[in-house]
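Chain naming follows the written order as A, B, C and D, and within any one chain the residues start at number 1.
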Amino acid sequence: MTPSDRALPLQHFASDNYAGMCPNAARWFMEAQTSGHEPAYGEDRWTQQVSEGLRELFQTDCDVYFVFNGTAANSLALASLCQSYHSVICSPVAHIETDECGGPEFFSNGSKLLVGESESASARLGKLTPDAVESLVTKRHDIHYPKPKVVSLTQATELGTVYSVEEVRAIAAIAKRRHLKVHMDGARFANAVATLGCHPSDITWRAGVDVLCFGGTKNGLPVGEAVVFFDRALSEDFAWRVKQAGQLASKMRFISAPWLGLLENDTWLANARHANAMAARLHAALRDVPGVELLHAPQANAVFARLPQPAVNALHAKGWRFYQFIAGGGCRFMCSWDTRPESVDAFAADIRQACGA
Amino acid sequence: MTPSDRALPLQHFASDNYAGMCPNAARWFMEAQTSGHEPAYGEDRWTQQVSEGLRELFQTDCDVYFVFNGTAANSLALASLCQSYHSVICSPVAHIETDECGGPEFFSNGSKLLVGESESASARLGKLTPDAVESLVTKRHDIHYPKPKVVSLTQATELGTVYSVEEVRAIAAIAKRRHLKVHMDGARFANAVATLGCHPSDITWRAGVDVLCFGGTKNGLPVGEAVVFFDRALSEDFAWRVKQAGQLASKMRFISAPWLGLLENDTWLANARHANAMAARLHAALRDVPGVELLHAPQANAVFARLPQPAVNALHAKGWRFYQFIAGGGCRFMCSWDTRPESVDAFAADIRQACGA
Amino acid sequence: MTPSDRALPLQHFASDNYAGMCPNAARWFMEAQTSGHEPAYGEDRWTQQVSEGLRELFQTDCDVYFVFNGTAANSLALASLCQSYHSVICSPVAHIETDECGGPEFFSNGSKLLVGESESASARLGKLTPDAVESLVTKRHDIHYPKPKVVSLTQATELGTVYSVEEVRAIAAIAKRRHLKVHMDGARFANAVATLGCHPSDITWRAGVDVLCFGGTKNGLPVGEAVVFFDRALSEDFAWRVKQAGQLASKMRFISAPWLGLLENDTWLANARHANAMAARLHAALRDVPGVELLHAPQANAVFARLPQPAVNALHAKGWRFYQFIAGGGCRFMCSWDTRPESVDAFAADIRQACGA
Amino acid sequence: MTPSDRALPLQHFASDNYAGMCPNAARWFMEAQTSGHEPAYGEDRWTQQVSEGLRELFQTDCDVYFVFNGTAANSLALASLCQSYHSVICSPVAHIETDECGGPEFFSNGSKLLVGESESASARLGKLTPDAVESLVTKRHDIHYPKPKVVSLTQATELGTVYSVEEVRAIAAIAKRRHLKVHMDGARFANAVATLGCHPSDITWRAGVDVLCFGGTKNGLPVGEAVVFFDRALSEDFAWRVKQAGQLASKMRFISAPWLGLLENDTWLANARHANAMAARLHAALRDVPGVELLHAPQANAVFARLPQPAVNALHAKGWRFYQFIAGGGCRFMCSWDTRPESVDAFAADIRQACGA
């Protein structure tokens, strides 16, 4: 195989990490190449520039670090907030609990994740509640159980829902009262901001969040996430932690420069808005399809629905990729910054046809 | 700042990770973009293709994993070879000992590094010897000291020298006899192969190496290293280890595809040969400069020399970047795949002038 | 306060670790003193003798190690069976999950505990079932979730019940088929053997158990547990692990010699039988007390019952100590090797009175 | 074998942990038995009493924890002072470096030990110097090397010497200036105090020590060490750390009560003085033995000497146990709280005879 042009390729709804990088990110990636030699390990001009850009974006003098992926971002952030004998409160569907292969436990050398209840209306939407946090933090006080030290929110959640500003504030208030730090897994932070229409600071430090893992990959980068410490006291020696953990890029510019493409003209927000709109379009297209049971309404870039298994099989046979992980035919359809309306429409049509069959 | 063309920029001799990516790597990076959507986590076509390519390169059915950087590659490879109460034998100047911020100890949960003696002729060239290994492995047998389990060689070494095929074989023979596994830190593996003119298999599995960390970044990639297990029994469940350790790229294609650029037409070897040649050119140019004390002859892409401190200062003042880390004015001048002869000549001229001043 | 004789002191039902050491253990503890100087770290005569004694007890050539407490025994045993990216299947009430402060996660550097379902009849008795194991081990196969590697059974369970020989065998059979190792937390192993009336080998290696943590403390020792590897391949370098983990006693004889007291004349079994009998006596005495809801029948040395909260308060006010940890007034009454029938009767009488009030 | 009286048994000079427990410790161990039932995990009366006793001994409101052995005491104390990417400065002969099988690295999840120079007069006496600390702490400031965070002193040292009050103060002063915490490995703390004739506070908190691991085992306990935090801010949540690390005794009274025996009538000091006196006696007896090269004068309870290898062999053949670990016949003869003058004299006579042969 050699490089060549190709026709518009098929798109999938499996994950927003199936998409490539957005044009702006690609342009700045190549731009980082132009200087030839550049100091390594973040001493380059782009890294400094993006860090400054993120401080401006959040309107505060936060500490910014770039790491390679979300597991590392979350795990290192959590490890900086707790010791091995502490615990982290999260929802039962939290990515840190279900899809990071014990990364948080590994990087913290053993911190336990305590999952909130799973039966309430909020839990069914993938959210923690103040009550769930309060319940977990007050359940045990003895030294035979890890002491809660952090509450972790995923924003947007793994179920494609979004915490309102008030919801974040309410949880953070409990956290402060109980001496917990607040971590936000923002793998799809941009999608949440796009939905809420708020300022990025409103659901982070102004609401009580101490550390944000700001997802770049799913927003259009080739590789990389930012760890943003709003409470700078918590990032003491974090640079050493990143280095030791194998997360310090030597040619850092190729990790950081593409962020300039996201920040330029609020591309990050445009990318997220587009992905959210595509999810809404898909949701609308499926609303009246017999056999499709839409679960909750999408608030970010994912649609959750139950389909008859034969329909699932038929769609897979046609080449569509998507995940099933909810019992009884529940499927996740994920849209990304590059999902084309035509892809949505074609997929919806095939679903309709498959369910009719 | 916006993307734009620039004149030929200044080059440095600080590190081969100051260089950008080589054209072939860049081309394949962009090529990985063309398909639009692609399965994540290594299920894409490029990752499969590169893995196959590396198996062909090494002429054996090895297990290949891609991680983000050298600290991670070395640390995860070592962690797969030893438990926390084991130890790793290496040279006193080994990168794993001196420049990874305790990464190997962290990922292995405490394995100790045992450094060989530092006074012999070999040690002054940055090399371990069979005697040094034998001495360390037989020094203690009691349970109050970590049990040696791995010997780690850096090829090319941190001092720009290269182990001959026979030297690797001799150390590996001791290792096998003493039930140690053999790890090779090949951050500059290509430079060693270029120097030796041997087949890559000759200084790896055919010589007794169990695991190679094959450096991509310093060879011309934007980001990424390959961990190559020649003894496949050692890579059991390594995919889980990589995931947990935050080293599994979701958009893996952007990490793996550029390797196709290195493999294409033996670009990896051409890049290394060029860097080595530039070091030889610099060494030759400095041979008769009064005040410059060249240390050992370069065998890879680095020149080591002692300069008068005023000369060092003058060169830094002119904008040249390079590291000093040997007592008494010792400097390291590192060449890379893109170092231009003109840069070498200009640098040598400035050194000559600085030393004359 | 100076040492002196005292009248028969009050006994409690809080835990079997409220009891002191049994006379036989005390006698051998002091006997270990008689030789004056003795080689350290287990090279003494008693340690060798007890190890041999345990091999005889289990009728197999097992590997035996002595550690200080149950958290260490379980955690080190589990760490020897799995890597950080593996997982351990256990019941939701398993001590390793609920009362070791994340010890297993710490010593294994991150292994996750996967708890079985909690709603079945077996689960309400604190037991894992083959189905629960099968369900957890087949739930996920992807690298984003820790790979199951061990199943851990507590025998007797934390709810005072006992797995039958057939139950252990059935779980071990699933484990073997799924390539899981079998760990038995035997903090109250003696109590289980006493109940089943089987040979100790019948519910351990003959039933498929790979490693047993044989509890000494609750059986009458002042301090110490034994880790017994029936599969000796799994104990490779375990002595180094114990040393590194701070679990190697220098004056080992004081840890090991008291075990001779337990082995002598099957004192371990007599101690357990007595404790079990006291629990049965208490259970019988409470059977017809109005207001007391006995939960399941005791199979080992604990009685579980729900009492009205005022009754609980009244008992506490009288100086009785016991734990409440089941919602709705559930209490645990634990008997030990030294619980006197008079104490049981007095406690039962006070419960009757408190419930009548 | 059954318990019985024996004649005065042979004594050894291998280690002070070859000795049993001193009578006062044994008495209180048995006294802890008298109450029958007693709350577990340190809620018992003896643990509270000893903690108070240690606070009185040190004349300050320190935090006291009891753990099982010295590796655990040192490792947990160090882990509470540094993170995985930090480092600990110690002497090249420090027990934490040479004889704890990587325990400090394990419990801290990777902290590196940086050893001071080994050639100076102080180093030959097993001591760190302010210059050595300063040199290590200023050597590197980059994030590629673990950041120094703690200096660890062994008092008395592993070579049987003792830091003067001024020496401790001088090192602590450097430490404070460089933002390092000061840890004291006091496995033989009592022997140092006995030699210096100072108050225990003078070489600990009054001199700038933050945490002391106060050795009980070598001073006459059957098992156990105390971790004493003079800076109470450093012991935050340390109880959880101890529990998770498998160092919390359930029947704590048997670990803590014997300390009452050490504190009673300053038995700890009497024991140490006796051991020191026996070392002095042995040193004096060997002073004029031809063939014996005494190394430095003993300041605590160890004598170091070089003997001809045939003499060493002859002594071993006679049944004497001692360690050789210094090249060229260097031997360590260690005295303990129970070493009899007759044993010293007999050993010295046999050395004289062996060297004469």
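In this text, a residue touches a chain if its C-beta (ideal position, glycine included) is under 8 Å from a C-beta of that chain, and two chains touch if they have at least 3 such contacts.
For reference, the UniProt names are A, B, C, D = L-threonine aldolase.
If you're wondering where the values come from, they're calculated on a predicted model, not measured in any experiment.
Compared with subunit C (L-threonine aldolase), the chain whose C-alpha mean position is the greatest distance off is B.
Residues touching across the subunit C (L-threonine aldolase)-subunit D (L-threonine aldolase) interface largely coincide between the two copies, over half of the numbers being common to both. Note on chain placement: the centre of subunit A (L-threonine aldolase) and the centre of subunit D (L-threonine aldolase) lie 50 Å apart, centres being C-alpha means.
Averaging Cα coordinates per chain places subunit A (L-threonine aldolase) and subunit B (L-threonine aldolase) 33 Å apart. Distance between chain centres (mean CA atoms), subunit A (L-threonine aldolase) to subunit C (L-threonine aldolase): 42 Å. Contacts with at least two other chains are made by residues 84-85, 100-103, 106-107, 109-110, 143-144, 146, 240, 243-244, 248 of subunit B (L-threonine aldolase). On the subunit C (L-threonine aldolase) side of its complex with subunit A (L-threonine aldolase), the touching residues are 84-85, 87, 98-103, 105-112, 143-146.
Listing the residues of subunit D (L-threonine aldolase) that touch subunit A (L-threonine aldolase) in their complex gives 41, 83-86, 109-110, 143-144, 146-147, 237, 239-244, 248.
On subunit A (L-threonine aldolase), the positions that touch subunit B (L-threonine aldolase) within their shared complex are 1, 3-6, 8-12, 14-15, 17-21, 26-40, 49, 67-73, 75-76, 100-103, 106-107, 109, 217-218, 222-223, 240, 243-251, 254-255, 321, 338.
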